[in-house]
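The structure appears below as structure tokens.
Labels run A, B, C and D following the written order; every chain starts at residue 1.
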Amino acid sequence: MSSHDRPTIGIGMIGYSFMGQAHSHGWRNARSFFDPALMPELVVISGRDGAAASDVARRFGWRHVETDWRELIARDDVDLVDICTPGDTHAEIALAALAAGKHVLCEKPLANTVEEAIAMADAANRARADGIRSMVGFTYRRVPAITHARNLVRDGRIGEIRHVRAQYLQDWLTDPESPLTWRLRKDRAGSGALGDIGAHVIDLTQFITGEQLAGVSAITETFVKERPLSGAVHGLRAEVSEGRGQVTVDDAAVFVGRFTGGALATFEATRFATGRKNAIRLEINGSGGSIAFDFEDMNVLSFFDASAPATEAGFTRILVTEPEHPYVGGWWPAGHGLGYEHAFTHQAVDLLEAIAEGRDPEPSFADGLAIQRALAAVETSAASGAAWTPIELVAAPS
Amino acid sequence: MSSHDRPTIGIGMIGYSFMGQAHSHGWRNARSFFDPALMPELVVISGRDGAAASDVARRFGWRHVETDWRELIARDDVDLVDICTPGDTHAEIALAALAAGKHVLCEKPLANTVEEAIAMADAANRARADGIRSMVGFTYRRVPAITHARNLVRDGRIGEIRHVRAQYLQDWLTDPESPLTWRLRKDRAGSGALGDIGAHVIDLTQFITGEQLAGVSAITETFVKERPLSGAVHGLRAEVSEGRGQVTVDDAAVFVGRFTGGALATFEATRFATGRKNAIRLEINGSGGSIAFDFEDMNVLSFFDASAPATEAGFTRILVTEPEHPYVGGWWPAGHGLGYEHAFTHQAVDLLEAIAEGRDPEPSFADGLAIQRALAAVETSAASGAAWTPIELVAAPS
Amino acid sequence: MSSHDRPTIGIGMIGYSFMGQAHSHGWRNARSFFDPALMPELVVISGRDGAAASDVARRFGWRHVETDWRELIARDDVDLVDICTPGDTHAEIALAALAAGKHVLCEKPLANTVEEAIAMADAANRARADGIRSMVGFTYRRVPAITHARNLVRDGRIGEIRHVRAQYLQDWLTDPESPLTWRLRKDRAGSGALGDIGAHVIDLTQFITGEQLAGVSAITETFVKERPLSGAVHGLRAEVSEGRGQVTVDDAAVFVGRFTGGALATFEATRFATGRKNAIRLEINGSGGSIAFDFEDMNVLSFFDASAPATEAGFTRILVTEPEHPYVGGWWPAGHGLGYEHAFTHQAVDLLEAIAEGRDPEPSFADGLAIQRALAAVETSAASGAAWTPIELVAAPS
Amino acid sequence: MSSHDRPTIGIGMIGYSFMGQAHSHGWRNARSFFDPALMPELVVISGRDGAAASDVARRFGWRHVETDWRELIARDDVDLVDICTPGDTHAEIALAALAAGKHVLCEKPLANTVEEAIAMADAANRARADGIRSMVGFTYRRVPAITHARNLVRDGRIGEIRHVRAQYLQDWLTDPESPLTWRLRKDRAGSGALGDIGAHVIDLTQFITGEQLAGVSAITETFVKERPLSGAVHGLRAEVSEGRGQVTVDDAAVFVGRFTGGALATFEATRFATGRKNAIRLEINGSGGSIAFDFEDMNVLSFFDASAPATEAGFTRILVTEPEHPYVGGWWPAGHGLGYEHAFTHQAVDLLEAIAEGRDPEPSFADGLAIQRALAAVETSAASGAAWTPIELVAAPS
């Protein structure tokens, strides 16, 4: 119970925006609500805008601030580097951190290209030999209802998988006057809805099923092809301030695919699903049952058990808020629902436990590479008229 | 109000099973609950098994029974032929009925092949010149919530269509010991889940959007490749009674596609969605709003109006049970939900009104042909490794 | 399977409005979809307005029309009298029918007063000795999900009952300009929301639990005390045509109570629940589980089984549309939901079977009397400042 | 944006269990996610068990630990005393804190008796003259969907209130072997489900409607009258360790009531609603619309607008996760749902702002007294056979 004599681990975090704050909260709450074998110390945060980084440091309790991430990595009091910057910087930072012998938590997507991801997975694999751990931040895996879904599937409760249907639906780009931020430019963001949110549902379906997506036929679309440059955010304003610019990423991606076990899959990732704000919807049908999830009701997992008597069978609306459910016991009494951010705490705790126990955390950089390959296959298929495109599978690390 | 002096129309129905009874109920209820300009008379029913047909006649009030459908068509007291037999007989019967100058209501799918469907659409088109009406029975269009959805879309309430997602999910084949009925043999049924239930969601999305599906990339699968021949139903027992036979149709079909207006679409039709009994799920996202429907909650239409203030916007759960809603006024007071079968009554009433007013009912045989072409494109795509396959569009009748 | 040689029973129905049509449909569908041991013949319908009654007769297939209900009862070809008139006429008609040796189905509420109900229950009890059957039409009991709930409770699946919460919510009187129909006058209707819809939820909770409501503390309210006399319906127009009149019944009734087994109960019946059209909501919590029902989703029963493992427990959304569920097998394939009216068919079938088998149908007139006593207790309590008012219990017929 | 030069306020918290941790989290997050005019400093926490208090201090960042709450109140660096102990200690601590010139946040219920509550409200009223603020912690008011409901009602969006139905349903006592903790003994807890959770729904309905509950007729019940003393928690073990003891509080309370504006109300608070874990359900029907809420889906508010066209009216499922909604802007992007604990942060922020601006926060101690009087009326009514019991109204502070 007492946290008094726990060994500690020094955290250095790079980035202080949306993800930086979510991670800060996660590290801090790992201390407050869980009892990890390693107690995280919020040592240092870095950001190019020192004043902004200092403000976040003050708000969340980071002791030090750096403006150069290389200085952060070089610090002796940093044992783990948490990368919360945009995707085009992940590879460089992660490689440097691993080279410096630091454990790494890297926000998703692992990288903007397959090539970067390969380099990162290779580096992570080499570092493992020295006991250095790395993990990619597909945080939604740690939503209790989703972890519980994985457990049920893993335990054979739905049998052999036949259908996977997955959607990640948002609507924040339906307004054609919404500005052309860096997220809408391929050189910065890699892709659009596909990489930003489609990556999550690919990861979640692979996580829950324990299988890999083996191939796809895909269509992508950019519904609004030009957008205003003014009113832009995320630094774009510095570049141009008038007129309209070209959107160079997808607004939406839809694809069918097959999993390695033979299941048929439909996927959809879009920022144009009017009225859907952050709807991650998953349904998996197996020979012995089904599970269904919707992030709009994130504390619920629906489970169909085909072995129930015909008169009593139906989807059971499991409130995943019992102490027996994954992660829930750390928080409040039964029935007190969690929110979006809690998964960041679970992620932090799982990583801390893995480091303490000397085993590899999941999802690994190899898992991140697998997602990157799936994303690339979707783009290849879409670029070639929805032609079937197989995905190079990633072997489990030996 | 009084039905006393309404002109009548003589109905002759071919087939007496599931669809035959649903249609019988529909014709009868058209008299009871609505006030069509033509009052249907349930004149004659035909079936090869005369005793069985007689029993249905007695139960539903058909006056006469024939055992040869040609005799039924030849009768002077039959003005309208209602075809409720399996799909491989539709073309022959419909062509004969049209040739005899009878109006025709033909159950879906219009035919088992595109060729048959072309012949039927041509015949229907020729018969129109003589005031002969024909209609294909995509009955779900007449579920009040779906008709209401179409009205909202037609009236511009959701703007330009961006996304269509449609699923028809059943699970009655998940048991591998379920027998090999005629529905699982390509020579009789044409296709499996695709034609049986996939056809419905293709029709519904085209109906609601007012657009056509222009092309697809598809995967189909037969999860259980052999099934027992014993315990079979629908006449198969006469052929074989022991051992196992080959399933020659799809158990499931999934596809992505594009509509003529540019919307992206995902479709799924399966008899292996464990726990989903008859789940027709439709969601359409437009630039100004969205509609969503699930047949498991068939009296409800969810509608998102993007013009609502941000604090009050959300999907409105419209109980489509008010007298102001389509078809509802004929039935019970507000709030008293309808069931599966009511759409057959609405279909009958709409057809009767169209005949009385001398205009063409919908969906036409040309609409049925469009569905047949879409089904064929799905099969072509699936057979060629999910390659993109365009669909020949059907022009509106001049 | 064949209906050819079934014995028949002649039905005479009094009343032709909303309930008359619902019952007509029920008798007819009992022939069409079920195989009752007695086949109902729709012999004769009576109504003071002969033309209107004739129109209903033509629409639903009644062979004869009478304008005096006494003539109907006197007919030799009438074996069963179905009373679908307003409540203030029930006692006189039912007593006459029983005296004439006819079986009786009487719409709810059994009567407008406890005194009338006692007389009717006594008469029914005496007639039983001669094999004459009587039943009161609390039709909602025959909604499959509700019958299934009763079965689960009866089979001990939720253990000892602790809580009953029941609401019947409508909103059709929220408009203060809605006219003063006979339903809003105590001399005609007996009471307002209480007797019209509150009676249903009292019956349903007693039916499902197998217990009786033993006492109540109640509040009633008439929110809109005067209403326009013009625009009135149901014959009121003949009396007055201008100005406003006094509403003499309750708009809403709320009460707490205890069941005979000790359970605590809350009840609510109102025509002022804005947005709720016909929401019958029931939840019953027991020591071993719970059931929940909402008529807005009438094909669903939610069932919580407390013996499930903590990680898998939750309310199971049972789609009560399987052939194994009560009544469902008579209709369509699995998953094809039923509507409001189907319960009238189930009621007809159950009554026919009981008569054929020489046993008493349920709910009996004694059950109807029990409801009447509960309604009277609610009114007594409300009139005395919500004082606790016990309900005289009705013994099961010996 | 910068938190650099904000004035600060020193917080001293008494108690470190469930509520202590929820409050600690709230104070800390007020710093992290909001920009209150006063920045809270987590100065000191007190608890009789110094080691346990120290552990909580370490986990949440409290600088100092006291084992005597009087020492905490005496500290110069404490400006605000946050009382998170059981109800029987509230009065003494709050009176001492106010006397020492400290602002006070007191967990609900304000006290265990009306007498204590009166003394506290009086003391708070006197302290106001010196600019000392006090607030009672009915935290659920600050769930965004509930605050939004209040706003809609306040703005006239549902018109005149006719019906209030409120339930707080839990099931953690259904197991008869669950031990007899202090929460089940009247001398410690005051009452059972009534005061623990019933108090919340009384407060919430008064908050949302802006009216007061004026009288009740109530039934309470203790379903399991004896429970094991072993396995007990919360210090009870020290007293007795074998055998069974008497439960002296209610397991459940149900009551009907009237609000000051004339609305009818039903209330239910129970720990025996099998399958309901923490279900706060509220529905309020007005002349112009309705609102409905269920804490099991806490990010959603359902709103019915009676002025919508009949074909489009329905309950709108508002996802209260937009930046325009109350409190939401401080957290994550649109659509990222919050959890149980966030309301504690909102409560802290609101209190800080009120202190900074020199105005009284809500709910006041007078509001807490009003709840206490309502609870007492429920108990009085239940003890006198559900007799109607008026509630002494609390005037708004002049």
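The rule is simple: a contact is a pair of C-beta atoms (placed from the backbone, for glycine too) under 8 Å apart; a residue touches a chain by one contact, two chains touch by 3 or more.
Chain-to-protein mapping (UniProt): A, B, C, D = Gfo/Idh/MocA family oxidoreductase.
Bear in mind the structure is a predicted one, so any value in this text is a computation, not a measurement.
J.: Over the chains that touch one another, what is the least number of steps taking chain B to chain D?
T.: Graph distance in the chain contact network comes out at 1.
J.: Same or different: do the copies chain C and chain D touch each other through matching residue numbers, with over half of them shared?
T.: Answer same: the two copies use largely identical residue numbers here.
J.: What's the distance between the Cα centroids of chain B and chain C, rounded to whole Å?
T.: About 35 Å separates the centre of chain B from that of chain C.
J.: Report the inter-centroid distance (CA atoms only) between chain A and chain B in whole Å.
T.: Each chain reduced to its C-alpha mean, chain A and chain B end up 42 Å apart.
J.: Please work out the Cα centroid separation of chain A and chain C, and write it as a whole number of Å.
T.: That pair's centroid distance is 55 Å.
J.: Where in chain B do residues touch two or more of the other chains?
T.: In chain B, residues 313-315, 319, 322 touch at least two other chains, as defined above.
J.: Under the stated contact criterion, what part of chain C meets chain A in this complex?
T.: 148, 152, 302-303, 305, 308-319, 322, 324-325
J.: Looking at the complex, which residues from chain B come into contact with chain C?
T.: Residue list for chain B touching chain C: 1-4, 18, 21-22, 24-25, 28, 31-33, 51, 54-55, 58-61, 170, 172, 277-279, 295-299, 319, 321-322, 331-342.
J.: Mind pulling up the chain D residues that touch chain C in the complex?
T.: 158, 162-163, 165, 167, 171, 174, 217-219, 221, 223, 252, 254-258, 262, 264-268, 270, 272-276, 285-290, 304, 306, 313-315, 385-388
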